[in-house]
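Here subunit A shows up in two complexes: once beside subunit B, once beside subunit C.
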Partner chain A sequence: MIPSVLSVASVASVASVARLSAFLLVALLPAIDLLLPTTWKFASLVPAIMVYAIIGLGLNLITGFTGLFNLGSAAFMAIGAYTFAILTCPIYPFQIGFFPGLLAATAMGGIAGLLLSLPVMRLRGDYVAIVTLGFGEIVQDVLKNLDAVTKGTQGLNPVAVPAMPGVSFSVGNYVPWYYLYLVLLIAVVWLCHNLRYSRLGRSWVAVREDELAARSMGLPTPWIKQIAFALGSALCATGGAMFASLAGTSIEPGFYDFQQSVIILCIVIVGGMGNITGVLLGACIMVGFNSIVLTKLTEMMSRNGWTGDNVLASPGNWKFMLYGIALILMMRLRPKGLLPAKEVPAELRYRDRDRDRDKAPAGAN
Partner chain B sequence: MALLQLDRLTLRFGGLTAVNDVSISVERGQIFAVIGPNGAGKTSVFNAITGLYQPSSGCVRIDGRTVRALPEPADVVRWGLVGLATGLGAAVAINANTLWDAAINQSAHLQPFPWSTSWNALVASALQGPWTTVPLAIGAAIGVGAAWNAWRMGRCTPDAVARAGVARTFQNIRLFRDLSALDNVLVGMDRHLHARGWDAALRLPRHRREERDARETALRELEFVSLGTSAHLPAGSLPYGHQRRLEIARALATRPSLLLLDEPAAGMNPAEATKLMELIKRIRDRGITVVLIEHHMKVVMGISDRIAVLHYGNKIAEGTPAEVRANPQVIEAYLGKEELG
Partner chain C sequence: MSTWEIILQLLITGLANGLIIALIALGYTMVYGIVELINFAHGDVMMLGCFLALTIVGLLGGEVAAPWLAIGLMLLLVPPFCAALNWMIDRHVYRPLRNAPKLTVLVSAIGVSFVCVNLGMFWGGLPMEVFGGGAQAASAKSFPDLLGYHNLLGNDAVVQLTSKEVMVAVITVPLMILLTWFVSRTRLGTAMRAVAQNPTAAQLMGIDTNRVVGLTFIIGGALAGVASVVAALYTTSISFQMGYRNGLDAFTAAVLGGIGNLPGAVLGALCIGLARAVMEGWVPNGGQWSNTVVFGVLILVLVFRPTGILGSRVREKV
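Showing the complex of A and B:
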């Protein structure tokens, strides 16, 4: 009994130390980055990871907590980005600025999510995936064809950058973006954490675990699923708007394709479904690999002259092969993600006691 | 008046009649047992009471009323709104390019932007041609159709039955396995909690106070079924007998007036079964009427006030334990007919 208690305590403290040091590292990264040689600086690429973390947290509400498999999250990202772009782009008369634009994008994503969830709420599993997959394709096509509004494949630009007294947000200087997006990310993490450990979060997990039992306990399950869908989509749209502001353009409709949805889904799966820390880790791994490791590798290879006609000479071409291998290994070795859900210490305790109980009869014999 | 009344309840699945013309009435404060050989239709009766199955004929009354989730005006209105949104959305989607050109792009170069001219241009463009009226009409048709359908399909759903004060456990345990035992009970309590989403999201004091009180109540409920020490373990990791008791605690947390227990003693050893009998009596003493399905005859005969016997979907006997035990038809159903000669 005593060793098991010790191991539980050490698991908990290791986790909290790891979390604290990770937070300090992230908070001080721009300073640390100054010390790195020019070719190895990477902190300017980190705000994109934070954006994807927010989008991943949004999808986590839908897929991780509530268990609705959503393959259309890029569509909500697109809705957020385009709402934000239309409302802030100087070619249109609205020009409401960064923060109102962000709120409007969030609201628009929530409304779209609520509307999409109406036909989805009586479905489960694969069927939800098919509906959301179709929705993703529709949104892309609509954005392409509404060229009077969205300028088709050109995208809308420039879009608003954040305006705050005393701070200038520009393309050249990433530090203000870094800290603004960090604050927004922390706010979203806090919201998601509060929701998960509330009445609503319990209902979401209950629906995921056993919808029929949840319904028999008096929970209005269709409504609970709709709330999850609307909130998750709203967060995806927030992320889309933040990404558009960071990129300076709404980008083109083709950017928000199925691959984008799959990358977002991978963020949730790799880290551990339904685990907030896991989603943050997943965003670091998936987006960090894509936008930092591969970029640096490409730069290094071109510095050393390792280029050629071979497809493998460009690291960008390895991307999906490596994603594929990583997913296969994940599913084989850790199907519940790198960080399984929070119940781990309790489970460890149970396993210890279980082993003791299993041993007892053997000893008696 | 009887708390639960089955009035000539019949359930048919295709050609199979699972429950045939069964009438049962359960008075307040009773422990009522439904017994019968496997496949007699006992669980089907439970499913009909809790709204998982719709009766083919006959009806279920709880406290004198038939439970019916819909038509709730809110639901009908919701579908009406969906129709309206579809219509507007379709109208806008079809005309978006034209409307946007007329309203925004034509005057986008002007400073300051002429909002009223733009609005007039938008309205004028929208009223032109059939491309606005046709999608609006289609949307209205969808809305009316869906609202009508919501009205027609109005039926008793499991959540409505639960809110009417009926809680149940399941024959094959259905806990929320990844949630802790305490959280399972808290989900059961959910309909008595009032915090809204934003209270929770922002951790307002109201929400924290309610959560704290709810946790205390849930813990008391766990102690009632002697699971106080397992509160923080995941439900799926509990031993089988504990899972059965946790399911009872979760059902009690909904504060039901009627509790349906589907084979609560299944898989229990005699000592556990005795403890379960005590528990069921204590539940009855809280003023909750209990209806149970059970094969464990010691449990059934020990605690039931009345017993109904189902055989091939028909009720063949009802009465006190002593009456049922002496009933020749019941003996025949369980042991077979005596061979003569």
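Showing the complex of A and C:
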């Protein structure tokens, strides 16, 4: 018994050391970045990863915790971005500023999620995926066609940047963005962690594991699914608004397409469905690969004059091939993600340990 | 144009588009009926078929002297290619996951779809004249108009019924009749229906389920291959992103008609084709909203009648 307890303890401490060093690395990254040669600097690209981490955590509430397969998360990102843009863009009279805009975008995402959840909660697995996919297409179309409000394919700009006394948020200076978004990300992680172990979070997992059983235990499953959908969509919209502010524009409706939704889904799946650390890792891998590795590779190749007319010669063109192969291999080899969620909750594990101790022969302890 | 002429014209275009969608929808609905998988890659298999068709035309030298020869060659080569591709996807990606949760397979299907889309983009970069010399791989390619424009109702008739629409009907309708005969009358068709109804029981009766599932993918792929040739000839424009759009239309059709139901898929596809024609040809500014209408219909059908028009209700088992 003792060796196994020891190994459990050391595994736990290894995990906490890893977590602490990862946090220190992230917190000090702008300083480390100063020491890197110009061509290798990448910290300015990290705030986008934080934004996608927040969106991934939102989808994780829906798909990871509750098990509803949502293929329309980019639509909620779009709703957040456009709400934020309309409320803060100088061409409209509102101009309410960054933080009120962020709150309004979050609320709008929550309301839209609640509305979409009304039809979704009656459907089973793969039909949920199809309805959310259709919703994503409809949102794109609406944003594109209501060009009197959304400026169609041009997108709305400029949008508000955060305003804080004594700090200037400008395009060239990424450090304030970095720390503001880091604080927001930590707040969202804290929120998701507490939600997961609340009464509500436990009912989400119960619905995911066996909806019929959860229902016969007296859980109001439609209501539970709706709350998950609304909260998750709200977080996706928060992320969308943050992304718009970082980019300085609501971008354009075509940006929030099916492929965007799948990239967000990949963040949740690659990291580990239902695991918050896993989602953070997934965001680093997926977005880091796209915005850091591929960008740096393209820069390096064009510096050396390796690019040409050939479609194969540009690393960016291989993106979806690599995403696709990654998805296929993940599903085959590690369907629960790189960091799978702990399936057995803490309460059950304690009972297992007690039972083992009771069974152990006298003198072993 | 009088109202009747407009209605007749919308019927003609709508039905021609609907028949093309129907060929793709049949592949979706057969695969769903048998392994309960939304095969996301199906539309992209059809897209790759279009690229093979354009390559064949290019090898024959672009604007062909004998269009019927080119069409015959495409119909001979593209369906086997798509069938083989679809079979390979099933054999190497879906079959190892046969006992995995449904969503695992769905995610793999999205992965396959991404790979196919990327392959289509690379294919568009081939240094051939028909592909624009390979300089702009991602742009839409124009497909040579092999059939030309012949209004069969006379050159000065208001309503247009061109040789293209007749070609669509002549190729697709016999195939659908053949498929219905195959599924309802032959031994293999009976085996397919048995596996769709209950795979375990079918296996206990001595049916090789893996072979039957593989056959389903082959038939679905071949139909998508025919659809790709017909669609390329009819719309005379292909792009590596067309698979997603066509796939969504076809899937919506399959759901609308009742997924797993062959006549339902055709009926649903005709409805979608007509709805799009009405939106594009009648409603002012309707073209830009036609996607919204199609997916709105999809959501409403799923919510209020998840079994579709012709589907029968299946109770979820405990």
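The rule is simple: the second predicted complex is superposed on the first by the 342 of 365 C-alpha atoms of A that agree within 3 Å, B and C clash if a C-alpha of one lies under 4 Å from a C-alpha of the other, contacts with A are read in each partner's own complex, and residues count from 1 in each chain.
Everything below uses one rule, namely that a contact is a pair of C-beta atoms (placed from the backbone, for glycine too) under 8 Å apart; a residue touches a chain by one contact, two chains touch by 3 or more.
Computed from a predicted structure; not experimentally measured.
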**subunit C versus subunit B on the shared subunit A, clash or fit after superposition** = fit
**Request:** For A:69, select first, second, both or neither according to whether it touches subunit B, subunit C, the two together, or no partner.
**Result:** second
**Prompt:** Is A:212 contacted by the first partner subunit B, the second partner subunit C, both or neither?
**Reply:** both
**Message:** According to the stated criteria, A:127 is in contact with first (subunit B), second (subunit C), both, or neither; which is it?
**Reply:** second
**Request:** May I ask you to decide whether A:135 touches subunit B, subunit C, both, or neither, giving the answer as first, second, both or neither?
**Result:** second
**Asked** Between subunit B (first) and subunit C (second), which does A:203 come into contact with in this model arrangement: first, second, both, or neither?
**Response** first
**Item:** First (subunit B), second (subunit C), both or neither touched by A:144
**Value:** second
**Request:** Using the superposition on chain A described above, determine whether A:331 touches subunit B (first), subunit C (second), both, or neither.
**Result:** second
**Message:** To make sure I follow: the centres are taken over C-alpha atoms, the vertex is subunit A, the ends are subunit B and subunit C. What is that angle to the nearest 10 degrees?
**Reply:** 80
**Request:** Applying the touch criterion given at the start, work out whether A:220 contacts subunit B, subunit C, both or neither, answering first, second, both or neither.
**Result:** first
**Asked** So, does A:195 touch the first partner subunit B, the second partner subunit C, both, or neither?
**Response** first
**Complete:** Least Cα-Cα separation in the three-chain superposition, subunit B to subunit C, whole Å, stands at 9
**Item:** Intersection of the subunit A residues that touch subunit B with those that touch subunit C
**Value:** 142, 212
**Prompt:** Which residues of subunit C touch subunit A in the complex?
**Reply:** 36, 38, 93, 96-97, 100-108, 110-119, 121-122, 124-125, 134-135, 137-138, 244, 248, 251-252, 255, 288-289, 291-292, 295-296, 298-299, 302-303, 306, 316, 318
**Prompt:** Which of the residues in subunit A end up touching subunit B in this complex?
**Reply:** 91-93, 115, 118, 142, 146-149, 191, 194-195, 198-203, 205-206, 208-210, 212-221, 227, 341, 343, 346-347, 349-350
**Item:** Residues of subunit A touching subunit C in the complex
**Value:** 69, 119, 122-127, 129-131, 133-135, 137-138, 141-142, 144-145, 212, 258-259, 262, 265, 269, 309-312, 317-321, 323-328, 330-332, 335
**Request:** Within their complex, state which residues of subunit B touch subunit A.
**Result:** 50, 52, 82, 85, 93, 96-98, 100-101, 104-105, 107-108, 113, 115, 118, 157-159, 161-163, 167-168, 170, 174-180, 183, 186-188, 190-191, 193, 195, 197, 199-203, 207, 211, 232-234, 237, 250-251, 254
